[in-house]
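The following pair of complexes shares a single chain, chain A, combined with chain B in the former and chain C in the latter.
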Partner chain A sequence: MKRILSLILSILLLASLLAGCGGKQNDAPQGGADTPAGPAADPAPTVDTGRRANNEITVGISQDLDSSLDPHTMVAAGTKELLFNVFEGLVKPTSDGDLAPAVAESWEIGAEMTTYTFKLRSGVKFHNGQDVTSNDVMYSLTRCRDEGYVPALAEADIAEENGNIVITLPAANTEFLASLTCAIIPADYADQATAPVGTGPFKFVSRQAQQNVVLERFEDYWGEKAQLDRVTYLVYENPEALAMALKGGAVDLYAHLGTATVSQLGDDFTILEGSMNLVQAVYLNHTVKPLDDVRVRQALCYALDRQEIFDLTADGKGWALGSSMYPAFRKYFDESLVDLYPHNVDQAKALLAEAGYPDGFALTIKVPSNYSPHVDAGQIAAEQFRAIGVKVTVEPVDWTTWVEDVYKGRNFEATVCGFDASTMTARAMLERFTTGNGKNFIGYSSRAYDEAFEEALRARNDEAQTKAYREMERILAQDAANVYIQDLVDFVALRKGLAGYRFYPIYVMDMSTVHYE
Partner chain B sequence: MKKRNYFLIFGLLISTVVVLFILLGYFWTPYDPMKMNGAVRSSAPSLAHLMGTDKFGRDILSRVMKGAGASFFVAFGTVLIGTVVGTVVGALTGYFGGWLDEVLMRFNDALSAFPSFLLALVLVSVLGPGRRHLLLALGIVFIPSYARIVRTEFKRARSQNYVKSAQIMGAGTARILFVHILPNIWPVLLSAITIGFNNAVLAEAAMSYLGIGVSPDEASLGYMLSDSQAYLSVTPWYALGAGLVIVLLILGVGLIGEGLQRKDI
Partner chain C sequence: MRYTAKKIGTLLLTLVLVSLFVFLALSNLSGDAATRLLGTEATPERLEALRTELGLDKPLPVRYVEWVAGMLRGDMGISYQYRLSVSQLIAERLRPTLSLTLMAFALIVALSIPVGVVTAKYAGGWLDRVVTVLGQLLMSVPPFFTGILFTYLFGLLLRLFVPGAFPAWEAGRMRYLGYLFFPALAIALPRVAMTVRLLRGCILDEAQKDYVRTSMARGRSRGDILYRHVLKNTLVPLITFLAMTVAELVAGSVIIEQVFSIPGLGRLLISGISNRDAPVVQAVVVLVAFWVVVCNLAGDLLGRRIDPRLRYGEGGRT
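And then the complex of A and B:
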């Protein structure tokens, strides 16, 4: 009898162990309960957190920041997202996807597009009270150049003339300005890694590793001051603990929620919908048969039913994409490409037969197992491909294997993943698919595409460049380079009574506009 | 009055039900286990879907039937490999001893020196994904424990009189090993098999829980458990279906093992 008891106990123990060790990775946009997420018409918040009186909020984050908070060396997206509030460059990104003057008040670009003259804004102060001088700017920019932090500055000549900063490039680069969002920091300040000092609307107060980061409003900010007095970031690595914290009133704001968690939140929260700002697609390896045949790739595009993916994973939400560009890039995004391959099983089968595969072929789709939106999309896409006779196997691989084997080793047939833009330039999205590019892991090669890219680089004005980039987008779509799916929906939970959260086309969380109503 | 062996009775009862359930799953399931249906996403258990549906609207009962079959297949194969290879290695080393014993047992030690889970992970990543490779990897991992148990028994049997008399009568070595000694250590081996089977079921569930060796769209108990975790508070039946079958499968075999031992005493 004792043995049976211990058997049952050990089964229970194992089950609870298993339940415990997988918790971290499962919070991501997924299909959950059927309750649609959206602001409910409930006026009074039921939980009084006591923070309203102090004009402060708490923000949940899913992982601790980089061990160093030096803005030039930060790696994790989560660190960039937070430090966006603390640091500014000569220019800073706006929520519209443009660049606004920040530490620089204005700039002039020479006729050859190689000389940039920046007039510094007067009265900008660092959080430690010092004025920002041209010396600090020179220090920051040369540090970024010499240490290789900003590749676009690599060959640039940086000089100071009459208090202005003059940057001379070896060759024209129309997207150079976007690189100058790199932080301006005080010259020769040694403690940047532990007590960062910048010029942003919030100043850094304290940090406890694995627990919290505290920011306070910077009263001497040059621009419109932040509305909140104090923002405390709390680290919740376990999504269930986070859900409890939201429901229990410990956290007022959380970005990047999945539909599963959203459906558990009650009426205390306003749920905002934004986008993840990435291109999720079934990326296809063009160097393996039969994916080298454009008809086969087009057949897969016709087989895909994006709406079903949205319905099954995110309550019907998501932004359908037709090429390697997401809608937040308003200037470049070409909406007409989305419907280039409407869902059509017959058409797909016809194309397969024409390509010589009337009975389909075997295809393995590798998916990064720690990232459930891609695993889910991969499973549904697999079912849709099976409908046209393609025999699909979905193979989950861990993230390291994905990076080494799929991305770097290019050992794959198809893979579902998402690519975002490192800077707010179309180039960051499109350059990777040019012939021979180191990041061109799908082995795509098109002369027309390469020529369009050359043209974009040569372009002397914005209009010509935009045209060339849109042309590249079109070529990718017409070649069915990949089976484009979506830009994922991203939910932000905001406690009732708070407002002013703004979405950006890049991965940042701007706290300066958040306020109590 | 003879005391009834309730362990055996209940064990056989549970196992029969589970095995029938699995056999049925090979030939018939209420729905296509892969078929997604957006209209019935995450619906609670009902007459149409006895165990409810998962986040893609797939019928959980159908998936559990298929998944239990796959788990059973892997566990059975694992124990088969472990027992057969382990018995042969254990018999040879235990009976002969000497340098053969030294070499094989040091190899055995080396194998069991690795955490078994880690070893299985490495093997699967070398062999590649797929149920058969998972089975092979787990089988290899299970060999050392069987070899060790069998070796001890054979070593003891070697000096016993019935073996000695068989030797004097001129019986062949193979005959002594597998006809004379093996039946005598059968009870020990049997309990090792039942415990091993349960361990194999759990190992398969744990591996597929971690997403190793299985594809997420094919039905698998472990993967269903890990997938259901994010929805525990919203759709608890998702986890219950898979969990229940694992528990019953293990409990049934465990009870049989316990019952068989009592029978012999």
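And then the complex of A and C:
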């Protein structure tokens, strides 16, 4: 009896240890692929996967999709990343960071910037063969508005006029168009959760929980058709298993690799280098002492040596950040903020002493244990903070606990994680730090910041708006709101013979351009 | 009969304790399924609505009683994560895990019995010494490491299977079994070493006994005595040990399934824990516990069936 209980106990314990291989949930904080250490491999003989003949590929993903594949309710970043190939909105994001016409062929914006008139593209079909009608568009948009899926539509009036869709906003919103990437789906189709139907270049074929998702080329796509016939996504929750699957030939493409795996892959793969498009930082809770003191926060910024983090975790690669904005947002990204606090231990110590902590203070950094880039960066940052006398404890917590305790419960002093943008707007990055915002989990509050945000919202032209957003970035940096680290380097492994992979400034994986050479 | 009844009573008590334990453990983990499903951006209203839908708003004792009542009716509940019935999820994953366990068990029996007998027969010889050292090594290396080694060696260098590409049963039995052979071997090896050591020890112990000396005095050959009498007497400890092995192989497969990307019960359990998918985790744990206790009981009963001395409560084996 005792023996049996202890056996069960140890199974549970082991299982919960392994449960760390969980994944990426939600569009806000996120991390990257794991970087396992494994046996070093000799260049393996080239694998003939047999998939070239069928013009199909297999793609590894680190986490199963949401239970529901309904594009309006999906939560996990990994689900959005994949279903980008299946769904389109009136407009769709391009790899350059612009918005291109999709289900809408063109649009006109009224002088007051409150009315948007969309001319629908003719000949767009759903994957089930039906034509896309204005009725379907009306259904999709009102559903997003009424269920609260797209906040920007909240008080909008949506109407149909002569086959065009007219959206009237209560107040001008220069970033409104970016919200219309929300998927257009067939009106009153009930099985969206299990058999999704959209208008994208790939159609959904099948899914097996925890195992795979299969997409096939949509032959009636309105635009440039996908090049591959078939894409099979395979779920590998264990990073070692994934590395083996790449080397052994089971997987042709994997998008979020760590440096350790990259170095093992040998000659079978082309490694593309991009960025994760997120802001990794030591996020600080402004409501606890002594982090409410700007001098203490600045001291931590001076203590940080980003280059050391890059060197130790990613072969010296990474994009240094100085505020809550990453370089893919070209016009908003302010490069001058990166060096606002150059690594300087003496200055850090002086600031700490000035703030009344000459001997440092105790600080606990909570890190989400399933995201090794955040864990690694947290550990190195902790060591750097110790150099100025701060007594740091690094506490790994599992992802669900992180969401509940740190993000929602705000029960933390400091945490390392990454935030990305849900839509391609500066607002998606910066609004969360305004006073009283529900997502402002660090409890940051600055009148100047709030005013700059109001200004950005009021701005009638792009130039004034960009200026206001850049001002917000500057305020965050000057207040040392967080200890900003980097936008992580993102390696994509593509089996030799494949080409056409494109990086996007948001978290999506476009399969339509990938092809065999 | 009384013995059997007592054993079954213990079995039921164990299951009740295990179910209570896993239930409490899961309800005490921070964060719930609703948090996990809706993510960081969820509004409190949506969270509350989902909790009500999943029944998470009910008091703990009510949830426990409802769950146990469901299990007794054969209804394992609905997975929070997949919104599918847990029995369906488990049924899909039972085949790989069972195949793996059975294959590993077959390997253990096929390898350890002959090796055990031979090393006992030639105890002290060079073969015995080599097997002893090798056994020590195999016992001390954890199966997941052997698994990684096998993947590298047989998968990447020798290309005997494609790591990570687990073939469906429908894709051909040979391919299916061929893929499972390596993980099965990885979990079998430490157990093979243990069984060999046990068997060898038992045989040598038995060979010291008086009846063996008497038989030899009567002029019977060593081999004859070994095969006819000694082996028969080592059967009981061997069966008890193998019954425990069958039970533990299921636990071992939880880990090896991760290494070889096998969609079995282990992966279901692990993702269930990180998703706070209580119905799935509870059902799998209780199922594994059930398997463990049933195997132990079967081992005991089988032992008593074979050895009449155990049945009549004499206990001693002189």
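The rule is short, and it goes like this: the second predicted complex is superposed on the first by the 472 of 517 C-alpha atoms of A that agree within 3 Å, B and C clash if a C-alpha of one lies under 4 Å from a C-alpha of the other, contacts with A are read in each partner's own complex, and residues count from 1 in each chain.
Assume contacts are C-beta pairs under 8 Å (C-beta built on N, C-alpha and C of every residue); 3 or more make two chains touch, one makes a residue touch a chain.
From a predicted model like this one, the values you see are computed outputs, not experimental measurements.
Participant: Which partner reaches more residues of chain A, chain B or chain C?
Facilitator: Touching more of chain A: C.
Participant: For A:Ile380, decide between first (touching chain B), second (touching chain C), both and neither.
Facilitator: First partner only, chain B.
Participant: Applying the document's definition of touch, where does A:Val367 land relative to chain B and chain C: first, second, both, or neither?
Facilitator: After superposing on A, A:Val367 lies in contact with chain B but is clear of chain C.
Participant: Taking the superposition on A as described, I'd like to know which of chain B and chain C A:Glu308 touches: first, second, both or neither.
Facilitator: In the superposition, A:Glu308 touches chain B alone.
Participant: Looking at the overlay, does A:Ser263 come into contact with chain B only (first), chain C only (second), both, or neither?
Facilitator: After superposing on A, A:Ser263 lies in contact with chain B but is clear of chain C.
Participant: Using the superposition on A, tell me which residues of chain A are in contact with chain B and, in the other complex, with chain C.
Facilitator: 4, 7-8, 11, 14-15, 18-19, 22, 26-27, 398, 401
Participant: Which of the residues in chain B end up touching chain A in this complex?
Facilitator: So the residues of chain B in touch with chain A come to 7, 34-36, 38, 41-42, 55-57, 125, 129, 198, 202, 205-206, 209-211, 215-217, 225-226, 229-231, 233-235, 243, 246-247, 250-251, 254-255, 258.
Participant: So in the complex, which bits of chain C are touching chain A?
Facilitator: Residues of chain C touching chain A: 10, 13-14, 17-18, 21-22, 25, 29-32, 35-43, 81-84, 89, 148-149, 151-152, 155-157, 159, 161-165, 247-248, 251, 254-255, 258-261, 263, 266-271, 273-276, 285, 288-289, 292-293, 296.
Participant: Touching chain C in the complex: which residues of chain A?
Facilitator: The touching residues are 1, 4-5, 7-8, 10-12, 14-16, 18-22, 25-29, 38-39, 41, 44-45, 64, 66-68, 75-76, 148, 209-211, 234, 236-238, 240-242, 244-251, 370, 398-401, 403-405, 407-408, 422, 439.
Participant: Quick check: in the complex, which residue numbers of chain A touch chain B?
Facilitator: So the residues of chain A in touch with chain B come to 3-4, 7-8, 11, 14-15, 18-19, 22-23, 26-27, 30-34, 239, 243, 258, 260, 263-264, 308, 311-313, 367, 369, 372, 375-376, 378-380, 382-383, 393-396, 398, 401.
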